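Structures follow.
In the two complexes below, chain A is the common chain; its partner is chain B in one and chain C in the other.
Right after this comes the complex of A and B.
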């Protein structure tokens, strides 16, 4: 294997795959990056067995071949070189030699025999969507996923196609985020339900150019991006029936300036119990009152806010961190929160929805003790 | 002035007198001092540590005598019934000369001292009296450690002037007040660290106060047997005796290199104790990591229904304790001991829970798993661990369970308010 490539090109390609390399692994070869040279291109692949990324860049090929090299020294070296041409070659003992104006560097690699092969997608469905839109949808949902490995389905994001809507849903049982997009292309006739691990989506969300094509197979899903392909295992778990918990008859409606509410929550929650973060919302025609108290510390905080409120008076408790996380994903000036009772979910939505999308979040309340 | 006035009062002070005069001032003063002391090492050179160990003498017996004054002056022991393999948990001073001590089987104790009167234990009352004494003592020391139900440590460092310049006299005042107000005799030991304070307290028993002044620790320990040091068990004592080491003084003077080679790190640790050194840091609050319960049966059994019922009542008990602390457990374990003392334990990780029905079902499965032999069983136990704060945000997919949790909490409240057994699950009646 022998080729020439510019430092900038190689650095960009390495950045695309490096995040997938696991920091701790029982299979040492996963700490390596697979380099493959043929047909005028260099292919870089990294995998942690759940998520794999592969990217291709054009290089000046002198001799084809492949090997795997430890990702860290290679990445650190390339990052720290100026933008100069690099001549890279491998010897039969799988030593990678990087030669440039600055010096010669040798990294011990391994044969690619033991490197896991990329999954084969026995395609059953495909979706094509604007990359910016998908990135936005991922950003607005992944914050709500669960970290509880006892319910693996909730650690991923549900990709759903239903009623000509492409939906992403994430929940941890205490909050739920749903983002719907209506402008997409798909060969799915009826329904599609797959749960994709969050790690894969964080990588996909970095791509905001052109369109992304999502190929869904039996066990894996592949995201075809402009200059890379990302493979991810599908979480083979049944996603809970989230639609059942979305209330449709929340008749009490609060409309309030988003930033005002965020700032007030931040101030009042300083005085909340540091474990429960419980803040009480007292809703009435004349506005909203936020209050918190820490029984142990004996400190209290309360704020009255001007807001538009329709419906009967209501006292409801929330974990301020859950509400703040939801409000941080609202990008309109005003937020609408619809309530029903002190023990049922509050529906948080932006005052106006952007074109072709529908964004909503649920936050479950805390039972107030009086 | 206020302190002087308090000290000048006649000796028959009541708890409220004490607390009225001292409480706030002592707490403020002591908190400041404690803060400075633990944050600025230079204070160390000025003040010597004053750690107080207080031990309620023959505590269970004392409480039984309060509950039944007819027992005063009689040779009694709090012990399980001899026919069901009970053991002595506390012996009164009248029967101690017969060689009766805690941990001895009741039957053996009765053989040694046939006149001894056996009394059943009342742990609820012991906890209640212990709590009363703790509350009283805490008003003299915000840095307070509960070592056990009847043993406590207080940090009185730098309090000499505050307590009238004479800690021993002040300790005696406290001792008299505890006897007068609660009817409980106690002994106190004052020294520069926990280890010496405890040994001093043991010396002052059954009713006395012993203060070891700074620098006199080694001298005090010198003639005492090595067994007074906590950490020297029967085995180590025997080993030391073999080497001609009988007193703390001899142990302190021993070549530490040799001691380290023979007994390892523990040997050096014990030698430090013998030299009169030890920790002066009190464990103010201990995090509870496990709640468990076990029962030894009167006679060995393989009666499935009986085992299950025992497990059920234990589950109710531990799950209620868990709910009272607003916690959920992620691990359930079950213990089983056969008549030949072979012990099996099994545990399983579960989603966070404090629901007795779920815990009981899990414990039943574990019991089945643990019970691999066809030998009769003498003990069954179960417990919960890996605690999580009860997350109070309602879970949208578990509303049915949430309602049940609410129901359980309400039942706990009713039981707590009226009677511990007012509302019970059907099979627990």
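Right after this comes the complex of A and C.
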């Protein structure tokens, strides 16, 4: 194997894959990056077995071949070199030699025999969507996933196609986030339901150029991006019937300036119980009162906020962390929260939806003991 | 003997030697009883040095040498008469008896069942009296040169009562009883030097010292380093001594020593009071270890209820219970409860440590407080405060159950299992699961009595199928479960639907918790008769964050704050330790910096 490549090109390619390399692994070879040179291109691949990324860049190939090398020294070296041409070759003992004006560097690698092969996508469904849009949808949902491995389905994000809508849904059982996009292309005639692990999506969300094509197979999903492909295992779990829990008749409607509410929540929750973060919302025609008290510490905080409220007076308790997390994902100047009763879900939406999308979040209340 | 028609002229006065032998049977059960009586006499005689020599487990030879007042020739002869005593004169004296002996039975009893020799010299005379008795009869009285004090030699114990001799155990066993008897005196009289010689080998020689040193020598420095000192005075009773930290208890109740005005006694009331004071902080089945000295006016109790005076009757046992219970409980509420960690290899081999086996069971935990460690305010070190004043303020806040302030403590999580925090003296290691368990346990008990726990509504109500038995258990505990923050609806005869869960419970595994709680509750209901305590334990155990749960820095700090706001931050409801500290001294020692 022998090729030349510019430092900038190689550095960019490494950055594309390096995040997938697991920091801790029982399988040492996963700490390596696979380098493969053929047909005028260098392919870099990294995997942690759940998620794999591969990216291809054009290089000046002298001789084809492949090997795996520890990712860290290679990445650190390339990062710290100026943008100069690098000549890279491998000897039969799998030593990678990097030669440039600055000096010669050798990294001990291994044969690619033991490196896991990329999954094969037995494609049955595909979705094509604007990369910026997908990134936005991922950003507005992944925050709500569960970290609890006892319910694996909830640790991922549901990709769903239904009623000509492409939806991403995430929930941890206490709150839920749903983002709908109507402008996409797909070969799916009826329905698609697939749960994608969050780690893969965090990588995908970094891509904001052009369109992304999502190929869904039996066990794996592949995201085809401009200059890289990301493979992810599918969570083979049944996602709960989330539509059933989205209330449709929440008749008490609060409309309030988003930033005002966020700021007030931040201040009042300082005085809430540090574990339950419970904040009380007192809703009335004349506005909203937020209050919190820490019974153990004996501290209290309360704020009156001007807001538009339609409906009967209501007292409802919330974990302020859950509300703040939801409000952080509202882009509009004003937020609408619709309530029904002190024990049913509050529906958080932006005051106006952007074109071709539908964004909503649910937050379950905390029961007030009075 | 009392057969019909065989009654007349059958009742006779028993001969004196028979009376003595019968009495001896009560006072003198075994060689250790002889040692006890003789050592008591030696202490009563104001001795500062007592040497005890034993051969053949005490069956063949017991010798107690003291440097006490000694006796004149007349006294020495009278001493062997029953009910002859120097210690009391009138009935009134008996009411306030402070010396060990007072009935005047011991010497006569021992003499009646052995071959006995007494050599005694009062300090104001220059010659010793030597009295030799055989089976209670004086066979020889001579005068000899000798040192001031008294030496009593008992040979062939029980030779005149072969049946009793037959009941004695092996030499080793009898010797162990003797040693443990001397051990008791050694604890009560640290100012007196005790030397024990067995088969001509010196077993130990305890130099006069302070109480702490003496206890260390007798019980072992390691167990003593896991004790809390207590001292209290209420209702005219003064209690002082040492109780083990809950993390350092024994499976047997061997190491429980109680002294009333210097007399080793047993008292079920006091034992129970101490045990109760530990509450749930002891692992079940474990017994605390303690050495307690009770000083109490002599008119408050009667020692004359038992021939060996081991049992004592108190006038007001309830008061005694309360005094002991509260003294011990108060002593638990200190930061001293944090076990520290060190290896047994650094334990200094003190030559004075008793090398013999006192049947001491192995402690559960090999934690040892290192010698040079700074004692005060370990708790406050958690918060890495700038000044000691501040840290003391924090500590006093903790004592008063005020939540500790959020400080920028340095915390790390080790293998998602332990929280490691830098503290002033080194580092503290907190078991995250048991820490949370303690918090939830107290919260649950509080929820039953006071404020119920807030419920977080679930988006997806969780359905749990129960067995018929579990379902009936569920119906039994549902009012309590409700106060814990679970909102549960019955759905059919075997199914329950969880609609809301306690707000403190970490997101995620709620649906599992309730089912597990019911199982745990059922399992423990056989051994734990208090349903509230049982449920609180099941709840805390199942809802607490688990070993393996990753925690954020905020979560860890929150956990530490809450932990130190609990009543017993150092032991979990099942009795396991929550916090261990590793001091810089200890680290220095391990790295051989010292």
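Basically, the second predicted complex is superposed on the first by the 370 of 370 C-alpha atoms of A that agree within 3 Å, B and C clash if a C-alpha of one lies under 4 Å from a C-alpha of the other, contacts with A are read in each partner's own complex, and residues count from 1 in each chain.
Just so it is clear, a residue touches a chain if its C-beta (ideal position, glycine included) is under 8 Å from a C-beta of that chain, and two chains touch if they have at least 3 such contacts.
Source: prediction; values computed, not measured.
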**Combined model on chain A where chain B meets chain C, clash or fit** = clash
**Item:** Which superposed partner A:295 touches (first chain B, second chain C, both, neither)
**Value:** second
**Request:** Considering only touches as defined above, state whether A:146 meets chain B (first), chain C (second), both or neither.
**Result:** second
**Request:** Could you look at A:23 and tell me whether it touches chain B, chain C, both or neither (first, second, both, neither)?
**Result:** neither
**Message:** Applying the document's definition of touch, where does A:238 land relative to chain B and chain C: first, second, both, or neither?
**Reply:** neither
**Request:** Have a look at where A:343 lands relative to chain B and chain C in the superposition and call it first, second, both or neither.
**Result:** both
**First, second, both or neither for A:176, with chain B first and chain C second** = both
**Request:** Classify the contacts of A:366 with the two partner chains as first (chain B alone), second (chain C alone), both, or neither.
**Result:** both
**Prompt:** Which partner reaches more residues of chain A, chain B or chain C?
**Reply:** C
**Message:** So in the superposed three-chain picture, is A:276 touching just chain B, just chain C, both, or none of them (first/second/both/neither)?
**Reply:** both
**Complete:** The shared contact residues of chain A with chain B and chain C are 150-151, 171, 173-174, 176, 240, 245, 275-276, 278, 319, 343, 345, 362, 364-367
**Message:** Taking the touch rule as given, give the residues of chain C at its contact with chain A in the complex, in rising order.
**Reply:** 402-403, 451-452, 454-460, 485, 487, 499-500, 503-504, 506-510, 512, 550, 558, 561-562, 565
**Prompt:** Which of the residues in chain B end up touching chain A in this complex?
**Reply:** 351, 389, 391-398, 406
**Request:** Would you mind writing out the residues of chain A in touch with chain B in their complex?
**Result:** 150-151, 171, 173-174, 176, 240, 245, 275-276, 278, 318-319, 322, 343, 345, 362, 364-367
**Request:** Flag every residue of chain A that touches chain C in the complex, lowest number first.
**Result:** 146-148, 150-151, 154, 171-176, 240, 242, 245, 274-276, 278, 294-297, 317, 319, 343-345, 362, 364-369
